[in-house]
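Below, chain A partners chain B and then partners chain C, in two separate complexes.
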Partner chain A sequence: MNTQISRSRFSKDPVQIRLSGAGGQGLITAGVILAEAAVVDGKNVVQTQSYGPEARLGASKSEVIISTKKIAYPQVTKPDILLCLSQDAFEKYFPQTNSDTLLILDSGQIEPQASDGRLIYALPITETAAATGSKVVANVVALGVMNALAGLVMPSSLREAVAKRVPERFRALNEHALEAGEKLAEPLKNRKETVA
Partner chain B sequence: MNTQISRSRFSKDPVQIRLSGAGGQGLITAGVILAEAAVVDGKNVVQTQSYGPEARLGASKSEVIISTKKIAYPQVTKPDILLCLSQDAFEKYFPQTNSDTLLILDSGQIEPQASDGRLIYALPITETAAATGSKVVANVVALGVMNALAGLVMPSSLREAVAKRVPERFRALNEHALEAGEKLAEPLKNRKETVA
Partner chain C sequence: MPERKAKAKKPRLIQGNEACTYGALYAGCSFYAGYPITPSSEIMELMSRELPKTEGVFIQMEDEIASISAVIGAAWAGKKAMTATSGPGFSLMQEGIGYAAITETPCVIVNSQRWGPSTGQPTKTAQGDVMQAIWGTHGDHPVIVLTASHVRDVFEMTVTAFNFSEQYRVPVILLLDEVLSHMRENVCLPEPGERNLIERQRPARADGFKPFKDLTFLPFGAGARFNVTGMAHDEDGFPAQAAEADRQLRRIMNKIHQNVEKVALYEELHLDDARVLIVTYGITSRAAENAVEELRAEGVPVGLVNLKTLWPFPDFLFERLGQNVSHLLVPELNLGQLVREVKRAVQGRWLTVEHLGRVDGSLITPQQIVEAIHQLTGTKIPKEGVQQC
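And now, the complex of A and B:
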């Protein structure tokens, strides 16, 4: 029952999740995987991505809302969880969080300027992906981290959704990435870090 | 300038598109491909999918809103274009259209009960996909049909987006599927059919 503490944290229903970073970091795929995992769990899900010309250079985002009930408003208003995989994304989306938001950052990509004593999980996500085999699976490492910390979906559902969405020849790589993400978060479940 | 007539039809801005069918027909991927093609064209895009436990059995949908301006409301209110690849999807979403909606149906999957003299493009989308190599590319055939009829994005942008989103070993199959869809729609650009 590793995820019990964090599960209770996200007994919030609906839970609003924003996945952000640069184009090409696989955030749309990550959003779709998380959404499909939640469907396996029997939840209702809305999953959205917005992009424009400026998003090609700067920050892009993918959003997932998970609920046991019908979702009335399909847009993330205040994220309960914010993942940032790039500095641009952090600068753009950090201001739209509050002290209740669970912040997960890629410590290799982002130097947070914020110093409001906020609880932030800063982890070497892309570096872990590279060590697993390729930087391209940073999105799946991030899903592993996020789910280990927040207990959003059943770990088995997340595995099933990853296997379904990923091309067959990259399946093993992605499964290892998911596991690596979960392991990366493991020691943080009890020890909480703040950014000075 | 094949698409000139239909382009003028969708000079509407924003344009709201709903892609519907059964789970496993690749509608999420189709939505993402269309959205990414519109981004290549320099447009703003919001792309959404909603699913719940009931969607696993019945109709599922993916929505794309394309605009030259910032998109204020990220939800499809009244679709300008409705694609249906399954009978369930047709029955669920047809009532939410009006006489201005461009309807594109898979004639091999759907027997429309509606008889209000509405303009409907009913084409053998899945059958064409099967003839191209596999039923799994019905989603990309449908994109080819839709874009040939409505001129939503530059054909080259759609090609680029398909190539980007599809695993390398299925690239040729998907390129053929896109072409087959465009060709399927070709004779219908001038001749318009109604369902009795």
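And now, the complex of A and C:
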């Protein structure tokens, strides 16, 4: 079962996660939430980010490393998981993955050109966010998808982290987004699906 | 056994810049003046929220010249005072740093380094301000320059910066960098009382106090009248020349250089049997740490020195190196700065010193260090490179 495979794959320690897209899509916040959840789980975690001088658009990336051991080098050298929410980010970071990398893409934003027949999870992340209430929660939908597929942190820890790192007035919206993401991934947990 | 178990501290996810602010507050900082600049701004933001809660003073100044000047003034009012900035602002502060040095004003200046001269790249990292931190203001002058490698370390080194500045009456510069400033890690911060805090020494009595004789300090309004000037001055603070200027300059320099073994902090790994030694500091030390692990697994006898104090430079550390060490590698995010001090410290001895520089705004990777050491020792052909952004 694919669920089994993905679970065992991400019992990997340390696990290196790269969240990428355009500035303004909330990827740094998503990285912070994931890191916060790992802290709730009692893990060691480092979250870093890279972005250009502009507040919106431009390439943006957030990286999270989770481990039970000490983490020395703080950035991702080989992503175990790559999330892409924009075409530019996909084109930039896809070549740095290998066949072991779990790829999660926003199917509404990205047309994956390069494909070597590997497993890619292409899901309507932004569309799901819009249906939940707002496109701005695409980052949290993506977190729900990622965690459902990879089991990086305890679902309850992720919920706690969302509540902690999101302003009070947007809490309900983000909680719904997280659930929507988990639901979106649910049918895929037991199914191999190759896209493109 | 006591019934009550020690309360297990819960780790928190904290950003490097937040750790700097918490460290300053822990050390007793009660005055912050600054001007926001990437990648240091979060230090200022958090100060603006936290200082008013402790009856501290926070001021956003019109620029960095005003910021360092306000900090110096606050220090003479008896406060522990700090400012934080990045390259362009640090350049503007140089005049004030010189004034703090000659007037022996305890204060802390945090510089989160970003790429390049001038505006450069605000969101890209570098270790390019090392020489500026040491020699940025004109004339021989005493400063202490510290750095940090991880978020918890930022907290500790900020506390240390305040301690050294109080103890030696000098400006202390803490060099961070964009990655460390913005990075978040799980950290348990120490409770009040767990760290030793140093306060500036008060003279036994205000009457007859000589403000520029030794390490004792009396703030304005504490019973003594005296002159504070950036001009060369005597023990009373009045202008002096010739032999007295010479004596005073040597005295303020010696505060630092005669205490180098107390001030020069560092960490070491495998120094006893290392043939190759990585001399590293700040964020780059973390790549070095992984590289040491990988190289040791291959059987390469490599060691590491992580300098926490960059100035005064720990010459003594290099003088003590045994004959087992043949090569030194100095990786830094610049085109060759601290490596010059390393070369000077080992001059005329058997050691070969190599530099590994990276200036594209990204971190040196463990793999780059591993490859540099393979080349240095001729031990192995580089392994298949790990792809890196």
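One rule holds in what follows: the second predicted complex is superposed on the first by the 185 of 196 C-alpha atoms of A that agree within 3 Å, B and C clash if a C-alpha of one lies under 4 Å from a C-alpha of the other, contacts with A are read in each partner's own complex, and residues count from 1 in each chain.
We adopt the following convention: a residue touches a chain if its C-beta (ideal position, glycine included) is under 8 Å from a C-beta of that chain, and two chains touch if they have at least 3 such contacts.
All values reported here derive from a predicted model rather than from experimental measurement.
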Exercise for the section: Would you check which partner chain A:32 touches, where first means chain B only, second means chain C only, and both and neither mean what they say? Expected result: both
Problem - Contacts of A:95 with chain B and chain C, given as first, second, both or neither - result: second
Exercise for the section: State whether A:44 touches chain B only (first), chain C only (second), both chains, or neither. Expected result: both
Practice task
Could you tell me if A:167 is touching chain B, chain C, both of them or neither one (first, second, both, neither)?
Solution key: first
Exercise for the section: Classify the contacts of A:78 with the two partner chains as first (chain B alone), second (chain C alone), both, or neither. Expected result: second
Exercise for the section: Applying the touch criterion given at the start, work out whether A:187 contacts chain B, chain C, both or neither, answering first, second, both or neither. Expected result: neither
Practice task
Name the residues of chain A shared by its contacts with chain B and its contacts with chain C.
Solution key: 32, 35-36, 39, 42-53, 71, 74-75
Completion exercise
Within their complex, chain B touches chain A through residues 28, 32, 35-36, 39, 42-53, 55-56, 70-71, 74-75, 167, 169
Problem - chain A - residues contacting chain C, complex - result: 32, 35-36, 38-39, 42-53, 61, 71-75, 77-78, 92-93, 95-96
Exercise for the section: Mind listing the chain C positions that touch chain A in their complex? Expected result: 11-13, 121-123, 150, 179, 182-186, 283, 286-287, 289-290, 293, 363, 365-367, 386-389
